[in-house]
Amino acid sequence: VEEGARDAFARHGLMALLGAELVEVGDGRCVIELAQSDGVTQHHGYFHAGAIGAVLDTAGGFAASSTTARADDVLTVEYKLNLLRPAVGARLRAEASVLRAGKQLVVCRGEAYVGDKLCAAMQQTVMIGRDAPR
Amino acid sequence: VEEGARDAFARHGLMALLGAELVEVGDGRCVIELAQSDGVTQHHGYFHAGAIGAVLDTAGGFAASSTTARADDVLTVEYKLNLLRPAVGARLRAEASVLRAGKQLVVCRGEAYVGDKLCAAMQQTVMIGRDAPR
Amino acid sequence: VEEGARDAFARHGLMALLGAELVEVGDGRCVIELAQSDGVTQHHGYFHAGAIGAVLDTAGGFAASSTTARADDVLTVEYKLNLLRPAVGARLRAEASVLRAGKQLVVCRGEAYVGDKLCAAMQQTVMIGRDAPR
Amino acid sequence: VEEGARDAFARHGLMALLGAELVEVGDGRCVIELAQSDGVTQHHGYFHAGAIGAVLDTAGGFAASSTTARADDVLTVEYKLNLLRPAVGARLRAEASVLRAGKQLVVCRGEAYVGDKLCAAMQQTVMIGRDAPR
(Lines give C-alpha, C1' and ligand atoms only; values in the text may rest on other atoms or scores of the structure.)
Protein backbone atom coordinates (compact mmCIF):
# COMPACT_ATOMS: atom_id res chain seq x y z
CA VAL A 1 0.00 0.00 0.00
CA GLU A 2 1.31 3.42 -1.02
CA GLU A 3 2.11 5.80 1.86
CA GLY A 4 -0.30 8.66 1.05
CA ALA A 5 -3.23 6.30 0.99
CA ARG A 6 -2.13 4.64 4.21
CA ASP A 7 -1.96 8.07 5.90
CA ALA A 8 -5.40 9.05 4.61
CA PHE A 9 -6.81 5.72 5.83
CA ALA A 10 -5.26 6.29 9.26
CA ARG A 11 -7.13 9.61 9.47
CA HIS A 12 -10.50 7.84 8.98
CA GLY A 13 -11.43 7.54 12.64
CA LEU A 14 -14.28 5.19 11.81
CA MET A 15 -11.99 2.65 10.14
CA ALA A 16 -9.69 2.66 13.18
CA LEU A 17 -12.65 2.27 15.53
CA LEU A 18 -14.00 -0.71 13.57
CA GLY A 19 -10.55 -2.27 13.36
CA ALA A 20 -10.57 -2.24 9.56
CA GLU A 21 -7.35 -2.80 7.64
CA LEU A 22 -6.33 -1.34 4.29
CA VAL A 23 -5.04 -4.33 2.33
CA GLU A 24 -4.62 -3.00 -1.17
CA VAL A 25 -5.19 0.24 -3.09
CA GLY A 26 -4.24 1.49 -6.54
CA ASP A 27 -5.29 1.69 -10.19
CA GLY A 28 -8.95 2.26 -9.38
CA ARG A 29 -9.23 -0.63 -6.96
CA CYS A 30 -9.19 -1.01 -3.15
CA VAL A 31 -9.47 -3.89 -0.69
CA ILE A 32 -10.27 -3.45 3.01
CA GLU A 33 -10.59 -6.26 5.54
CA LEU A 34 -12.57 -6.31 8.76
CA ALA A 35 -12.07 -8.86 11.53
CA GLN A 36 -15.13 -10.16 13.37
CA SER A 37 -15.61 -8.56 16.81
CA ASP A 38 -18.48 -7.66 19.10
CA GLY A 39 -18.22 -4.13 17.83
CA VAL A 40 -19.08 -4.86 14.19
CA THR A 41 -21.96 -7.27 14.59
CA GLN A 42 -25.72 -6.98 15.04
CA HIS A 43 -27.96 -8.91 17.41
CA HIS A 44 -27.70 -12.24 15.51
CA GLY A 45 -23.88 -12.12 15.52
CA TYR A 46 -23.68 -11.39 11.79
CA PHE A 47 -21.53 -8.55 10.50
CA HIS A 48 -23.83 -5.51 10.79
CA ALA A 49 -25.17 -4.11 7.51
CA GLY A 50 -23.94 -0.70 8.67
CA ALA A 51 -20.39 -1.98 9.24
CA ILE A 52 -20.39 -3.69 5.84
CA GLY A 53 -21.65 -0.47 4.27
CA ALA A 54 -18.98 1.58 6.04
CA VAL A 55 -16.05 -0.52 4.79
CA LEU A 56 -17.46 -0.84 1.28
CA ASP A 57 -18.14 2.91 1.09
CA THR A 58 -14.59 3.60 2.26
CA ALA A 59 -13.13 1.07 -0.18
CA GLY A 60 -15.01 2.79 -3.01
CA GLY A 61 -13.72 6.20 -1.93
CA PHE A 62 -10.12 4.96 -1.92
CA ALA A 63 -10.56 3.20 -5.27
CA ALA A 64 -11.79 6.52 -6.69
CA SER A 65 -8.98 8.49 -5.00
CA SER A 66 -6.40 6.25 -6.59
CA THR A 67 -7.44 7.51 -10.04
CA THR A 68 -6.74 11.17 -9.22
CA ALA A 69 -4.01 13.43 -7.86
CA ARG A 70 -6.57 15.09 -5.57
CA ALA A 71 -6.89 12.08 -3.31
CA ASP A 72 -7.86 14.11 -0.28
CA ASP A 73 -10.86 15.73 -1.95
CA VAL A 74 -13.16 12.76 -2.14
CA LEU A 75 -16.72 12.86 -0.81
CA THR A 76 -19.41 10.22 -1.07
CA VAL A 77 -22.46 11.45 -3.00
CA GLU A 78 -24.47 8.27 -2.43
CA TYR A 79 -24.17 4.52 -2.05
CA LYS A 80 -26.54 1.60 -2.21
CA LEU A 81 -25.94 -1.74 -0.55
CA ASN A 82 -27.65 -5.10 -1.05
CA LEU A 83 -27.15 -7.74 1.62
CA LEU A 84 -27.14 -11.11 -0.13
CA ARG A 85 -26.76 -13.57 2.74
CA PRO A 86 -25.90 -13.44 6.46
CA ALA A 87 -22.23 -12.48 6.77
CA VAL A 88 -20.96 -14.90 9.39
CA GLY A 89 -17.29 -15.69 9.86
CA ALA A 90 -13.95 -14.51 11.13
CA ARG A 91 -13.15 -11.95 8.48
CA LEU A 92 -14.97 -9.81 5.94
CA ARG A 93 -13.17 -8.77 2.77
CA ALA A 94 -14.50 -5.65 0.99
CA GLU A 95 -13.37 -5.06 -2.59
CA ALA A 96 -14.27 -2.00 -4.63
CA SER A 97 -13.33 -0.85 -8.10
CA VAL A 98 -14.04 2.09 -10.36
CA LEU A 99 -16.66 1.51 -13.04
CA ARG A 100 -16.46 4.97 -14.56
CA ALA A 101 -14.19 7.91 -13.72
CA GLY A 102 -15.77 11.15 -14.95
CA LYS A 103 -14.43 14.65 -14.55
CA GLN A 104 -15.80 15.10 -11.04
CA LEU A 105 -18.04 12.13 -10.44
CA VAL A 106 -16.70 8.60 -10.11
CA VAL A 107 -18.95 5.54 -10.00
CA CYS A 108 -17.74 2.43 -8.18
CA ARG A 109 -18.99 -1.05 -7.47
CA GLY A 110 -17.98 -3.16 -4.53
CA GLU A 111 -18.49 -6.64 -3.12
CA ALA A 112 -18.05 -8.05 0.39
CA TYR A 113 -17.02 -11.66 0.98
CA VAL A 114 -16.72 -13.88 4.01
CA GLY A 115 -14.43 -16.67 2.86
CA ASP A 116 -15.54 -17.31 -0.72
CA LYS A 117 -19.19 -16.40 -0.02
CA LEU A 118 -20.43 -13.19 -1.64
CA CYS A 119 -22.38 -11.46 1.16
CA ALA A 120 -23.03 -7.93 -0.09
CA ALA A 121 -22.94 -5.79 -3.23
CA MET A 122 -22.57 -2.02 -3.40
CA GLN A 123 -23.01 0.63 -6.08
CA GLN A 124 -21.71 4.13 -5.31
CA THR A 125 -21.11 7.66 -6.59
CA VAL A 126 -18.23 9.75 -5.24
CA MET A 127 -17.18 13.28 -6.04
CA ILE A 128 -13.64 14.47 -6.55
CA GLY A 129 -12.28 17.97 -6.44
CA ARG A 130 -11.67 21.08 -4.43
CA ASP A 131 -14.68 22.77 -6.01
CA ALA A 132 -16.88 19.79 -5.50
CA PRO A 133 -20.40 20.71 -6.56
CA ARG A 134 -22.26 19.29 -3.61
CA VAL B 1 -38.18 3.69 25.03
CA GLU B 2 -39.79 0.29 25.57
CA GLU B 3 -37.61 -2.33 27.29
CA GLY B 4 -37.52 -5.02 24.58
CA ALA B 5 -36.28 -2.53 22.03
CA ARG B 6 -33.70 -1.17 24.46
CA ASP B 7 -32.39 -4.69 25.05
CA ALA B 8 -32.20 -5.43 21.33
CA PHE B 9 -30.38 -2.14 20.77
CA ALA B 10 -27.90 -3.01 23.52
CA ARG B 11 -27.09 -6.25 21.67
CA HIS B 12 -26.09 -4.28 18.54
CA GLY B 13 -22.35 -4.23 19.14
CA LEU B 14 -21.84 -1.68 16.39
CA MET B 15 -24.18 0.85 17.98
CA ALA B 16 -22.35 0.52 21.31
CA LEU B 17 -18.97 0.88 19.59
CA LEU B 18 -20.08 4.05 17.78
CA GLY B 19 -21.61 5.46 20.95
CA ALA B 20 -25.07 5.70 19.40
CA GLU B 21 -28.08 6.25 21.61
CA LEU B 22 -31.64 4.99 21.08
CA VAL B 23 -33.81 8.05 21.67
CA GLU B 24 -37.23 6.95 20.55
CA VAL B 25 -38.91 3.90 19.02
CA GLY B 26 -42.49 2.83 18.40
CA ASP B 27 -45.40 2.95 15.96
CA GLY B 28 -43.20 2.50 12.90
CA ARG B 29 -40.75 5.21 13.84
CA CYS B 30 -37.27 5.31 15.43
CA VAL B 31 -34.77 8.03 16.37
CA ILE B 32 -31.10 7.35 17.12
CA GLU B 33 -28.53 9.99 18.06
CA LEU B 34 -24.78 9.90 17.55
CA ALA B 35 -22.33 12.21 19.29
CA GLN B 36 -19.35 13.53 17.33
CA SER B 37 -16.10 11.73 18.15
CA ASP B 38 -12.86 10.79 16.41
CA GLY B 39 -14.30 7.34 15.88
CA VAL B 40 -17.25 8.39 13.70
CA THR B 41 -15.59 10.89 11.39
CA GLN B 42 -13.67 10.74 8.13
CA HIS B 43 -10.50 12.62 7.20
CA HIS B 44 -12.19 16.05 6.89
CA GLY B 45 -13.73 15.74 10.36
CA TYR B 46 -17.27 15.28 8.99
CA PHE B 47 -19.45 12.44 10.23
CA HIS B 48 -18.38 9.49 8.05
CA ALA B 49 -20.88 8.38 5.39
CA GLY B 50 -20.49 4.86 6.75
CA ALA B 51 -21.37 5.93 10.30
CA ILE B 52 -24.39 7.87 9.04
CA GLY B 53 -25.45 4.83 7.03
CA ALA B 54 -25.02 2.55 10.05
CA VAL B 55 -27.25 4.59 12.35
CA LEU B 56 -29.88 5.22 9.66
CA ASP B 57 -29.95 1.54 8.69
CA THR B 58 -30.35 0.60 12.36
CA ALA B 59 -33.06 3.22 12.88
CA GLY B 60 -34.95 1.78 9.90
CA GLY B 61 -34.65 -1.73 11.28
CA PHE B 62 -36.05 -0.66 14.65
CA ALA B 63 -38.85 1.35 13.01
CA ALA B 64 -39.79 -1.80 11.09
CA SER B 65 -39.50 -4.01 14.19
CA SER B 66 -41.89 -1.78 16.05
CA THR B 67 -44.66 -2.75 13.64
CA THR B 68 -44.38 -6.47 14.35
CA ALA B 69 -44.34 -8.96 17.24
CA ARG B 70 -41.28 -10.65 15.71
CA ALA B 71 -38.95 -7.79 16.52
CA ASP B 72 -35.88 -10.02 16.72
CA ASP B 73 -36.28 -11.36 13.20
CA VAL B 74 -35.37 -8.27 11.23
CA LEU B 75 -32.72 -8.31 8.51
CA THR B 76 -31.74 -5.53 6.13
CA VAL B 77 -32.32 -6.48 2.49
CA GLU B 78 -30.84 -3.26 1.11
CA TYR B 79 -30.44 0.42 1.82
CA LYS B 80 -29.49 3.47 -0.19
CA LEU B 81 -28.05 6.64 1.26
CA ASN B 82 -27.65 10.10 -0.26
CA LEU B 83 -25.29 12.52 1.47
CA LEU B 84 -26.72 15.99 1.01
CA ARG B 85 -24.16 18.22 2.69
CA PRO B 86 -21.12 17.78 4.97
CA ALA B 87 -22.37 16.63 8.37
CA VAL B 88 -20.40 18.81 10.77
CA GLY B 89 -21.43 19.39 14.36
CA ALA B 90 -21.68 17.97 17.82
CA ARG B 91 -24.54 15.56 17.33
CA LEU B 92 -26.21 13.70 14.47
CA ARG B 93 -29.88 12.80 14.74
CA ALA B 94 -31.12 9.89 12.59
CA GLU B 95 -34.87 9.51 12.14
CA ALA B 96 -36.51 6.64 10.28
CA SER B 97 -40.11 5.72 9.64
CA VAL B 98 -42.03 2.99 7.87
CA LEU B 99 -43.38 3.87 4.44
CA ARG B 100 -45.02 0.51 3.77
CA ALA B 101 -45.30 -2.58 5.96
CA GLY B 102 -45.92 -5.65 3.78
CA LYS B 103 -46.28 -9.23 4.94
CA GLN B 104 -42.52 -9.85 5.07
CA LEU B 105 -40.93 -6.81 3.47
CA VAL B 106 -41.01 -3.40 5.08
CA VAL B 107 -39.85 -0.26 3.28
CA CYS B 108 -38.53 2.65 5.35
CA ARG B 109 -37.22 6.12 4.76
CA GLY B 110 -34.84 7.98 7.00
CA GLU B 111 -33.19 11.37 7.37
CA ALA B 112 -30.11 12.49 9.28
CA TYR B 113 -29.83 15.99 10.73
CA VAL B 114 -27.07 17.99 12.38
CA GLY B 115 -28.93 20.73 14.20
CA ASP B 116 -31.70 21.67 11.78
CA LYS B 117 -29.62 20.89 8.68
CA LEU B 118 -30.74 17.86 6.67
CA CYS B 119 -27.48 16.03 5.89
CA ALA B 120 -28.51 12.64 4.54
CA ALA B 121 -31.52 10.73 3.20
CA MET B 122 -32.01 6.97 3.19
CA GLN B 123 -34.40 4.53 1.53
CA GLN B 124 -34.38 0.94 2.78
CA THR B 125 -35.96 -2.51 2.56
CA VAL B 126 -36.00 -4.83 5.57
CA MET B 127 -37.31 -8.33 5.94
CA ILE B 128 -39.27 -9.65 8.89
CA GLY B 129 -39.86 -13.23 9.93
CA ARG B 130 -38.38 -16.47 11.07
CA ASP B 131 -38.71 -17.94 7.59
CA ALA B 132 -37.22 -14.92 5.99
CA PRO B 133 -36.85 -15.57 2.27
CA ARG B 134 -33.35 -14.29 1.84
CA VAL C 1 -47.68 24.87 -16.14
CA GLU C 2 -45.11 27.41 -17.30
CA GLU C 3 -44.36 27.41 -21.06
CA GLY C 4 -40.63 26.61 -21.00
CA ALA C 5 -41.22 23.51 -18.93
CA ARG C 6 -44.10 22.44 -21.14
CA ASP C 7 -41.85 22.76 -24.22
CA ALA C 8 -39.06 20.78 -22.58
CA PHE C 9 -41.55 18.10 -21.58
CA ALA C 10 -42.86 17.91 -25.14
CA ARG C 11 -39.30 17.21 -26.33
CA HIS C 12 -39.08 14.14 -24.07
CA GLY C 13 -39.98 11.51 -26.64
CA LEU C 14 -40.39 8.88 -23.97
CA MET C 15 -43.04 10.85 -22.08
CA ALA C 16 -45.04 11.32 -25.31
CA LEU C 17 -44.72 7.63 -26.16
CA LEU C 18 -45.97 6.58 -22.71
CA GLY C 19 -48.80 9.11 -22.85
CA ALA C 20 -47.58 10.91 -19.73
CA GLU C 21 -48.96 14.33 -18.88
CA LEU C 22 -47.20 17.20 -17.11
CA VAL C 23 -49.66 18.33 -14.47
CA GLU C 24 -47.68 20.73 -12.34
CA VAL C 25 -44.14 22.09 -12.12
CA GLY C 26 -42.45 24.86 -10.15
CA ASP C 27 -40.71 25.78 -6.92
CA GLY C 28 -38.79 22.51 -6.73
CA ARG C 29 -41.80 20.32 -7.28
CA CYS C 30 -43.30 18.43 -10.25
CA VAL C 31 -46.33 16.19 -10.83
CA ILE C 32 -46.74 13.91 -13.86
CA GLU C 33 -49.69 11.63 -14.51
CA LEU C 34 -49.81 8.44 -16.53
CA ALA C 35 -53.01 6.80 -17.75
CA GLN C 36 -53.24 3.00 -17.71
CA SER C 37 -52.76 1.44 -21.16
CA ASP C 38 -51.38 -1.79 -22.60
CA GLY C 39 -48.17 0.05 -23.31
CA VAL C 40 -47.27 0.87 -19.71
CA THR C 41 -48.06 -2.43 -17.99
CA GLN C 42 -46.22 -5.67 -17.35
CA HIS C 43 -47.54 -9.22 -17.70
CA HIS C 44 -49.83 -9.05 -14.64
CA GLY C 45 -51.50 -5.84 -15.87
CA TYR C 46 -49.83 -3.70 -13.20
CA PHE C 47 -48.08 -0.48 -14.14
CA HIS C 48 -44.57 -1.66 -15.14
CA ALA C 49 -41.77 -0.82 -12.70
CA GLY C 50 -39.87 0.63 -15.65
CA ALA C 51 -42.75 2.95 -16.58
CA ILE C 52 -43.12 4.07 -12.97
CA GLY C 53 -39.37 4.69 -12.82
CA ALA C 54 -39.46 6.66 -16.07
CA VAL C 55 -42.16 9.08 -14.94
CA LEU C 56 -40.70 9.50 -11.44
CA ASP C 57 -37.21 10.08 -12.86
CA THR C 58 -38.64 12.68 -15.25
CA ALA C 59 -40.67 14.33 -12.48
CA GLY C 60 -37.49 14.60 -10.40
CA GLY C 61 -35.59 16.13 -13.30
CA PHE C 62 -38.29 18.78 -13.81
CA ALA C 63 -38.51 19.50 -10.09
CA ALA C 64 -34.74 20.09 -10.10
CA SER C 65 -34.93 22.20 -13.29
CA SER C 66 -37.50 24.46 -11.71
CA THR C 67 -34.92 25.60 -9.15
CA THR C 68 -32.44 26.84 -11.78
CA ALA C 69 -32.22 29.11 -14.80
CA ARG C 70 -30.36 26.38 -16.69
CA ALA C 71 -33.40 24.15 -17.02
CA ASP C 72 -32.19 22.50 -20.20
CA ASP C 73 -28.95 21.27 -18.65
CA VAL C 74 -30.32 18.59 -16.40
CA LEU C 75 -29.00 15.03 -16.44
CA THR C 76 -29.89 12.15 -14.16
CA VAL C 77 -26.87 10.90 -12.22
CA GLU C 78 -28.75 8.04 -10.57
CA TYR C 79 -32.11 7.04 -9.19
CA LYS C 80 -33.41 4.30 -6.94
CA LEU C 81 -36.98 3.05 -6.91
CA ASN C 82 -38.82 0.91 -4.38
CA LEU C 83 -42.07 -0.70 -5.49
CA LEU C 84 -44.35 -0.83 -2.46
CA ARG C 85 -47.43 -2.60 -3.78
CA PRO C 86 -48.86 -3.61 -7.16
CA ALA C 87 -49.86 -0.44 -9.01
CA VAL C 88 -53.29 -1.31 -10.40
CA GLY C 89 -55.77 1.29 -11.53
CA ALA C 90 -56.71 3.81 -14.16
CA ARG C 91 -54.15 6.47 -13.45
CA LEU C 92 -50.74 6.78 -11.81
CA ARG C 93 -49.73 10.08 -10.24
CA ALA C 94 -45.98 10.71 -9.84
CA GLU C 95 -44.92 13.51 -7.51
CA ALA C 96 -41.33 14.62 -7.01
CA SER C 97 -39.75 17.36 -4.98
CA VAL C 98 -36.29 18.71 -4.28
CA LEU C 99 -34.73 17.62 -1.00
CA ARG C 100 -31.47 19.52 -1.46
CA ALA C 101 -30.32 21.85 -4.23
CA GLY C 102 -26.51 22.03 -4.29
CA LYS C 103 -24.36 23.98 -6.67
CA GLN C 104 -24.42 21.30 -9.35
CA LEU C 105 -26.05 18.29 -7.74
CA VAL C 106 -29.70 18.23 -6.76
CA VAL C 107 -31.24 15.43 -4.72
CA CYS C 108 -34.95 14.68 -5.11
CA ARG C 109 -37.48 12.31 -3.67
CA GLY C 110 -40.62 11.13 -5.40
CA GLU C 111 -43.71 9.05 -4.76
CA ALA C 112 -46.14 7.36 -7.12
CA TYR C 113 -49.81 6.90 -6.21
CA VAL C 114 -52.74 5.06 -7.75
CA GLY C 115 -55.76 6.72 -6.17
CA ASP C 116 -54.67 7.30 -2.58
CA LYS C 117 -52.45 4.20 -2.47
CA LEU C 118 -48.71 4.86 -2.28
CA CYS C 119 -47.23 2.41 -4.81
CA ALA C 120 -43.60 3.47 -5.25
CA ALA C 121 -40.91 5.65 -3.70
CA MET C 122 -37.89 7.11 -5.46
CA GLN C 123 -34.66 8.80 -4.38
CA GLN C 124 -32.59 10.51 -7.07
CA THR C 125 -29.53 12.62 -7.87
CA VAL C 126 -29.53 14.98 -10.86
CA MET C 127 -26.82 17.23 -12.19
CA ILE C 128 -27.30 20.78 -13.42
CA GLY C 129 -25.03 22.86 -15.59
CA ARG C 130 -23.34 23.30 -18.89
CA ASP C 131 -20.04 22.02 -17.49
CA ALA C 132 -21.65 19.09 -15.85
CA PRO C 133 -18.97 16.92 -14.30
CA ARG C 134 -20.20 13.57 -15.50
CA VAL D 1 -34.67 -17.71 -26.83
CA GLU D 2 -36.92 -20.28 -25.18
CA GLU D 3 -40.64 -20.06 -26.03
CA GLY D 4 -42.08 -19.46 -22.53
CA ALA D 5 -39.79 -16.48 -21.98
CA ARG D 6 -40.61 -15.10 -25.44
CA ASP D 7 -44.35 -15.31 -24.64
CA ALA D 8 -43.86 -13.61 -21.28
CA PHE D 9 -41.81 -10.87 -22.93
CA ALA D 10 -44.53 -10.37 -25.55
CA ARG D 11 -47.02 -9.74 -22.71
CA HIS D 12 -44.88 -6.86 -21.38
CA GLY D 13 -46.74 -4.04 -23.06
CA LEU D 14 -44.01 -1.57 -22.16
CA MET D 15 -41.30 -3.54 -23.96
CA ALA D 16 -43.45 -3.68 -27.11
CA LEU D 17 -44.19 0.04 -26.90
CA LEU D 18 -40.48 0.89 -26.58
CA GLY D 19 -39.58 -1.48 -29.41
CA ALA D 20 -37.31 -3.56 -27.15
CA GLU D 21 -36.14 -6.97 -28.32
CA LEU D 22 -35.39 -10.03 -26.18
CA VAL D 23 -32.03 -11.24 -27.47
CA GLU D 24 -31.02 -13.88 -24.98
CA VAL D 25 -32.32 -15.41 -21.75
CA GLY D 26 -31.34 -18.41 -19.64
CA ASP D 27 -29.16 -19.64 -16.79
CA GLY D 28 -29.60 -16.50 -14.72
CA ARG D 29 -28.77 -14.12 -17.54
CA CYS D 30 -30.77 -11.95 -19.97
CA VAL D 31 -29.96 -9.55 -22.80
CA ILE D 32 -32.45 -7.02 -24.23
CA GLU D 33 -31.73 -4.57 -27.02
CA LEU D 34 -33.37 -1.24 -27.72
CA ALA D 35 -33.12 0.63 -31.01
CA GLN D 36 -32.79 4.42 -30.93
CA SER D 37 -36.07 6.21 -31.77
CA ASP D 38 -37.80 9.47 -30.86
CA GLY D 39 -39.83 7.54 -28.34
CA VAL D 40 -36.94 6.42 -26.13
CA THR D 41 -34.91 9.62 -25.94
CA GLN D 42 -34.92 12.71 -23.75
CA HIS D 43 -34.53 16.33 -24.83
CA HIS D 44 -30.80 16.06 -25.69
CA GLY D 45 -31.40 13.04 -27.95
CA TYR D 46 -29.74 10.62 -25.51
CA PHE D 47 -31.48 7.41 -24.51
CA HIS D 48 -33.76 8.48 -21.63
CA ALA D 49 -32.70 7.33 -18.14
CA GLY D 50 -36.23 6.01 -17.72
CA ALA D 51 -36.03 3.91 -20.89
CA ILE D 52 -32.63 2.54 -19.86
CA GLY D 53 -34.04 1.74 -16.43
CA ALA D 54 -37.08 0.02 -17.95
CA VAL D 55 -35.06 -2.35 -20.15
CA LEU D 56 -32.49 -3.09 -17.43
CA ASP D 57 -35.23 -3.73 -14.87
CA THR D 58 -36.95 -6.08 -17.32
CA ALA D 59 -33.69 -7.83 -18.17
CA GLY D 60 -33.09 -8.40 -14.45
CA GLY D 61 -36.59 -9.81 -14.00
CA PHE D 62 -36.08 -12.27 -16.86
CA ALA D 63 -32.62 -13.25 -15.61
CA ALA D 64 -34.21 -14.02 -12.23
CA SER D 65 -37.13 -15.87 -13.84
CA SER D 66 -34.75 -18.13 -15.71
CA THR D 67 -33.53 -19.56 -12.40
CA THR D 68 -36.98 -20.74 -11.31
CA ALA D 69 -39.95 -22.77 -12.52
CA ARG D 70 -42.29 -19.99 -11.37
CA ALA D 71 -41.26 -17.63 -14.13
CA ASP D 72 -44.57 -15.81 -14.19
CA ASP D 73 -44.43 -14.84 -10.52
CA VAL D 74 -41.68 -12.26 -10.64
CA LEU D 75 -42.08 -8.78 -9.18
CA THR D 76 -39.50 -6.04 -8.85
CA VAL D 77 -38.92 -5.06 -5.21
CA GLU D 78 -36.49 -2.26 -6.07
CA TYR D 79 -33.83 -1.20 -8.51
CA LYS D 80 -31.12 1.43 -8.58
CA LEU D 81 -29.58 2.84 -11.74
CA ASN D 82 -26.41 4.89 -12.24
CA LEU D 83 -26.02 6.72 -15.53
CA LEU D 84 -22.32 6.73 -16.38
CA ARG D 85 -22.19 8.71 -19.60
CA PRO D 86 -24.63 10.04 -22.20
CA ALA D 87 -26.06 7.05 -24.08
CA VAL D 88 -25.91 8.19 -27.69
CA GLY D 89 -26.04 5.79 -30.62
CA ALA D 90 -28.19 3.53 -32.73
CA ARG D 91 -28.70 0.68 -30.29
CA LEU D 92 -28.60 0.12 -26.54
CA ARG D 93 -27.73 -3.35 -25.22
CA ALA D 94 -28.93 -4.16 -21.69
CA GLU D 95 -27.38 -7.18 -19.98
CA ALA D 96 -28.44 -8.49 -16.58
CA SER D 97 -27.36 -11.44 -14.52
CA VAL D 98 -28.21 -12.98 -11.16
CA LEU D 99 -25.80 -12.23 -8.35
CA ARG D 100 -27.62 -14.23 -5.68
CA ALA D 101 -30.74 -16.39 -5.93
CA GLY D 102 -32.32 -16.76 -2.49
CA LYS D 103 -35.49 -18.63 -1.62
CA GLN D 104 -37.78 -15.76 -2.59
CA LEU D 105 -35.51 -12.79 -3.22
CA VAL D 106 -33.12 -12.65 -6.15
CA VAL D 107 -30.50 -9.93 -6.52
CA CYS D 108 -29.32 -8.98 -10.00
CA ARG D 109 -26.85 -6.61 -11.55
CA GLY D 110 -27.09 -5.17 -15.03
CA GLU D 111 -25.14 -2.99 -17.44
CA ALA D 112 -26.21 -1.01 -20.50
CA TYR D 113 -23.87 -0.45 -23.43
CA VAL D 114 -24.00 1.62 -26.59
CA GLY D 115 -21.43 -0.02 -28.83
CA ASP D 116 -18.62 -0.91 -26.44
CA LYS D 117 -19.27 2.08 -24.15
CA LEU D 118 -20.65 1.25 -20.71
CA CYS D 119 -23.44 3.80 -20.18
CA ALA D 120 -25.37 2.61 -17.13
CA ALA D 121 -25.16 0.20 -14.21
CA MET D 122 -28.08 -1.28 -12.27
CA GLN D 123 -28.49 -3.18 -9.01
CA GLN D 124 -31.87 -4.79 -8.33
CA THR D 125 -33.95 -6.99 -6.04
CA VAL D 126 -36.78 -9.11 -7.41
CA MET D 127 -39.19 -11.40 -5.64
CA ILE D 128 -40.30 -14.80 -6.85
CA GLY D 129 -43.33 -16.81 -5.83
CA ARG D 130 -47.07 -17.04 -5.71
CA ASP D 131 -47.08 -16.07 -2.04
CA ALA D 132 -44.73 -13.21 -2.57
CA PRO D 133 -44.33 -11.33 0.68
CA ARG D 134 -44.74 -7.84 -0.66
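Labels A, B, C and D are assigned to the chains in the order they are written; within every chain, residues are numbered from 1.
We take it that contacts are C-beta pairs under 8 Å (C-beta built on N, C-alpha and C of every residue); 3 or more make two chains touch, one makes a residue touch a chain.
These numbers come from a predicted model, not from an experiment.
Q: Can you spot which option in A-C, A-D or B-C is basically B-D again, with over half of the contact pairs the same by residue number?
A: Comparing residue numbers across A-C, A-D or B-C, the repeat of B-D turns out to be A-C.
Q: Farthest from chain D in C-alpha centre terms, which chain would that be?
A: B
Q: Just how far, in Å, is the C-alpha centre of chain C from the one of chain B?
A: Whole-Å distance between the two chain centres: 28.
Q: Round to the nearest whole Å and give the separation of the Cα centres of chain A and chain B.
A: 19
Q: Give me the residues of chain B that touch two or more other chains.
A: Residue numbers touching two or more other chains: 77-78, 80, 82, 84-85, 102, 125, 134.
Q: By the document's touch definition, which label belongs to this structure's chain graph: line, ring, star, complete, or other?
A: complete
Q: Applying the document's contact rule, which stretches of chain C touch chain B when the two form their complex?
A: By the definition above, chain C touches chain B via 80, 82, 84-85, 99-100, 102, 107, 109, 118, 121, 123, 125.
Q: Would you mind writing out the residues of chain B in touch with chain D in their complex?
A: On the chain B side, the touching residues are 77-78, 80, 102-105, 125, 127, 129, 133-134.
Q: Flag every residue of chain B that touches chain A in the complex, lowest number first.
A: Residues of chain B touching chain A: 8, 11-14, 16-18, 37-44, 48-51, 53-55, 57-58, 72, 75-86, 134.
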